[in-house]
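Presented sequentially are two complexes of chain A, the first with chain B as partner and the second with chain C.
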Partner chain A sequence: MKKTYKKTSIISRCASDLFLPLACVFGCYVVLHGSTSPGGGFQGGVLVASAILLVYLGYGGWGVKHSFNEHMLHSSETVAEIMYVVIALVGVFTGLNFCVNFVFAGQQVDTSILMNDAVGYHVMAGITCLLIMMLSVLEDDRDETTKDKEEDAA
Partner chain B sequence: MYDFMYHFPVLAIMVLFLGAFIASLVGRRNAVIRNAVVLIAMVTSLVLILSLVKPILLEGQTITYWLSNWEPVGDWAIGISLEVDALSLFFALIVVVAVFVSGVYSFFYMDRDDSLVNYYTLFSMLSGSVLGLVLSGDLFNMFVMIEIMTFTAVALTAFRNTYEGALEGAFKYLVVGSLGSTSVLIGIALIYSQMHTLNLAQLAAMLPGYDSPVTIIAFAFLFVGFGSKAFLFPFHPLAADAHAVAPASISLMISGVLTKCGVYGIIRLAYTVYQNVDVNVMNALKSVCNPMNANFVQYFITGVGVVTMFICVTMAFNQHNFKRLLAFHSISQVGYVITVIGLGSALGLSAGLFHAMNHTIFKGLLFLTAGAVQHATGSLDLDELGGLSKKMPGTCALFLIGAASISGLPPFNGFASKWMIYQAAFQKAGETGNFFFVVVCVAALITSVLTLASFIKVAQSVFFGQLNPKFAKTREVSLGMRIPMWILAILCVVTGLFPDKVQQWLLAPATSAAMNAAGYIDAAMGQGYAASFSIPSFQPQSIFLSGAWQPVMWLLLLVSVTLAVCIVALLGSDDKAPAISETNTDTPADPKYESFFSGEASVYSQVGGSDLFWGFKHNWRHYFSFMHNWHSGVVNDYTLYGAAAIAVALVLCVIFL
Partner chain C sequence: MSGTKKVVLALTLVVLLGCGVWAGWRMAGSPPTYNGEDVDLVELYENPSSYDNSSADGAAAIMVNENLEKTAADNVVFSVVFNFRGYDTMGESFILIAAIAGSLVILRKSAHHGKKEEHSHEENV
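So, the complex of A and B:
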């Protein structure tokens, strides 16, 4: 790995490593239990998306740029939207109404759990895209010394 | 009606949203697939809505669709519903036709822009949200759709962000449009706090008998909110700034479809939910002794409409940008619609609906011709353009049809609906004996005359007069752009020639649906629910037209006069619009322009269309200088006007209701 970025302090890197999985797991937990407990797709999705801030704090803009594919995230956002509409439309094609509960009919769990997942996926991808956009306008964190070297070489 | 047709409204909305998402996913690389997806979505939604015409408009049924089958339990409608009666379907028809035309036009019109995937995604979402708004049976869903509509429209206004003022216009629209949306939200919150339901049908049953100042305040907030979406009087400067910079296909959407949402909201609010427009003739007669109190809502809505139509048409006189001028006329025509909606008679409401439909058709046509001129010449400046009738004869003919329609010349559709508007105002004046409605009638006539004058100015500035040498190489726009314009032009003529058929098939069902609050409630909540709240059952009013005219005879007259003019023009010489070369040195010396005899000939002088009515403008200079200061272009000022509108509406409603 070419170490051309300004290293952040070891404390923030360790903290980032420690809390990153926690944030992701907790966010996914909130999404998956959205239909039965407080929270839901939106809140859980935002929690997962906030993991990008941990990556930024630990590894800087360089880390964010190398670990996320913005184009892929954008496509995932659209896929999640289509998923939501299709899940809702299945109700129509099973002969019932739009948005209707078609799996496990009559039980506690229903299509709202699937819709919650789609919303969570959508919000996760969308907020991550937004955060990447916002972080990319922050100042460049490349190492000053290497920058000078490059300029000298040029 | 077949059972599966109950799904058509929700499918028509969702297919547009689905089209938006799929276009965004697959359309980033391949333009053909993207256009195909958008086209399929538009056509599907058009077909789905058209197939509902027979059961709903002609047979008078009402579709109530509960999402997820959450039907009312114990007379409480908590689930989300779509309720499609003839009024909703009437507006849905306007929406899908306008979306189809605008979409097909933009395939060819936007061919020089990049990142079109964003354009089509936003465009489909805008279409879907507008359709959702008019089909919704739930007040909060209407708000959600208004928000989607406002934000996509803002983004599309700023789509050509290289234009001067594009971001500025979009920013103004965003800030002041959000003020309107917030006003709607406050109204909804107040209603929910009192009524504990947001279903339109249940509100319609409970609100009229519920005497509380909170719901009256909510009415004021909702009215201003929907009015801001129709760009009524204090909100009109936004429309001009947004239209001038938006692509022409989006101008069609904003003027033809978004303003109709505001109109639909006001009709639904005043006629169905609050039922505070006095539709009963006996009450109207009774209230002569105390006109201010009983019929306040009528005076309020009509007054706002009259002010809007008059101020906007005078503002249009001073415009030098083609689309800014059209924007002010657009709001002026919406003012007509609002004026007659406030009259509260069946004739007035059907005249308003007819004019709303016609406004979408002819204003869409005019915006598309403006877009064609812009596409061909790259300019919208009225002082710069001129003499394009030789270069773009097809567009010129289409423009003349649109201009004749909007100015109310027979036999086009503008005359048919304006004729009904004059009669509605006149009959109302006769019934109530109130001088106010006489003023309304005269103001409507004067506005129509001023509209005609203003369009003479545009025709002179853009299509006739001298050709600017800069545009000597202008070519006619492609066939793909002309076909959508011809569709609208044919609709202009057809609805103008057969107003009685339009009246019978579209307007009469929609009018009785708007006035039939009891039917609307019973369709959603079950038979007898309205009667339990003592909502009076619907008594159809006969629509009586006091004047008669023969559209076909007028068409024959028009054709014969046009033929005569053409023959005279053909007999004459063919140099009506010569391009004047920049350097006149080759031509032999003309004694008329001898330097030391009569002064030098100017290089290029256009007889500016804006100079045609200099006398009028001179006489009205004090008014215009006042309006000049008023339209400051500062977003703070416009927000202040919006806040002032809310305040005035609140004060008036609290005092008089």
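So, the complex of A and C:
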């Protein structure tokens, strides 16, 4: 038989299926509207990253391991940081200050919106990576304890 | 550590220290941007809606009064975080990267230990 996820209770699985898209969409909304409303990149990124806990509740460590790539998340964090620094440095190369608005001068549109999105991407990838590591430690502990119990029984 | 590495490290530290000392000397010579003469905290606490902030001085008054001309952002908090204090946000994200890299190192080591124990267990069997 093919190895599938450990059977969790149907209530937590259905709840995670229901709330997972809502959590992702609400987090992206907070990131994208950071320029006009309370919130911003960091808070919205953490909201999106919390979706991994719903995956863990619904499908266990197997689901987390098979739906997220930890190395890609860690490198995309660096990519987001480079995006932030490049967008901020273009202001220096156009003869203005660091982090200054340079494209749409005099309009209600700001280049710091792009920097806000970069920070949101960065926090999203970083906190997801952190949660994956913590959940993997939890899974290891559980495996070891079950093994110990089996050894004791043997 | 080889000799050239030591020389490069010493040169870097000397340059950084020199920049810091020069910046501190320049800042000590410049006039103060904020002396708190026109700020009445009791008045601000009791009647915040009718507080007169037109005569306030310093960087805070610039941020509040000339926000639209300087940054074209309609949210003052947003413009402070990403325009006036952009360096701060950048350092914050670097701190996040460092924290996650550090916890990655620590937690991966424990995962390796678990694998080693598995191997030894198999060998014993």
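Everything below uses one rule, namely that the second predicted complex is superposed on the first by the 134 of 154 C-alpha atoms of A that agree within 3 Å, B and C clash if a C-alpha of one lies under 4 Å from a C-alpha of the other, contacts with A are read in each partner's own complex, and residues count from 1 in each chain.
Assume a residue touches a chain if its C-beta (ideal position, glycine included) is under 8 Å from a C-beta of that chain, and two chains touch if they have at least 3 such contacts.
Computed from a predicted structure; not experimentally measured.
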### Task
Check whether A:78 is in contact with chain B, with chain C, with both or with neither, and answer first, second, both or neither.
both
### Task
Would you sort A:96 into first (chain B), second (chain C), both or neither based on which partner it touches?
first
### Message
Counting residues of chain A touched by each partner, does chain B or chain C come out ahead?
### Response
C
### First (chain B), second (chain C), both or neither touched by A:88
both
### Query
Which partner does A:67 contact after superposing on A: first (chain B), second (chain C), both, neither?
neither
### Footprint overlap on chain A, comparing chain B with chain C
78, 81, 85, 88, 98-101
#### Entry: Interface residues, chain B side, partner chain A - complex
7, 10-11, 14, 17-18, 21-22, 24-25, 65-69
### Task
Mind listing the chain C positions that touch chain A in their complex?
71-75, 77-79, 81-83, 86-87, 89-90, 93-94, 96-97, 100-101, 103-104, 107-108, 110-111, 114, 117
### Message
Quick check on the complex: what are the chain A residues that touch chain C?
### Response
34-38, 40, 74, 77-78, 80-81, 84-85, 88, 98-101, 104-110, 112, 115-116, 119, 122-123, 126, 129-130, 133-134, 136-137, 140, 143-144
### Message
Under the definition above, what is the set of chain A residues touching chain B in their complex?
### Response
75, 78-79, 81-82, 85, 88-89, 91-92, 96-101
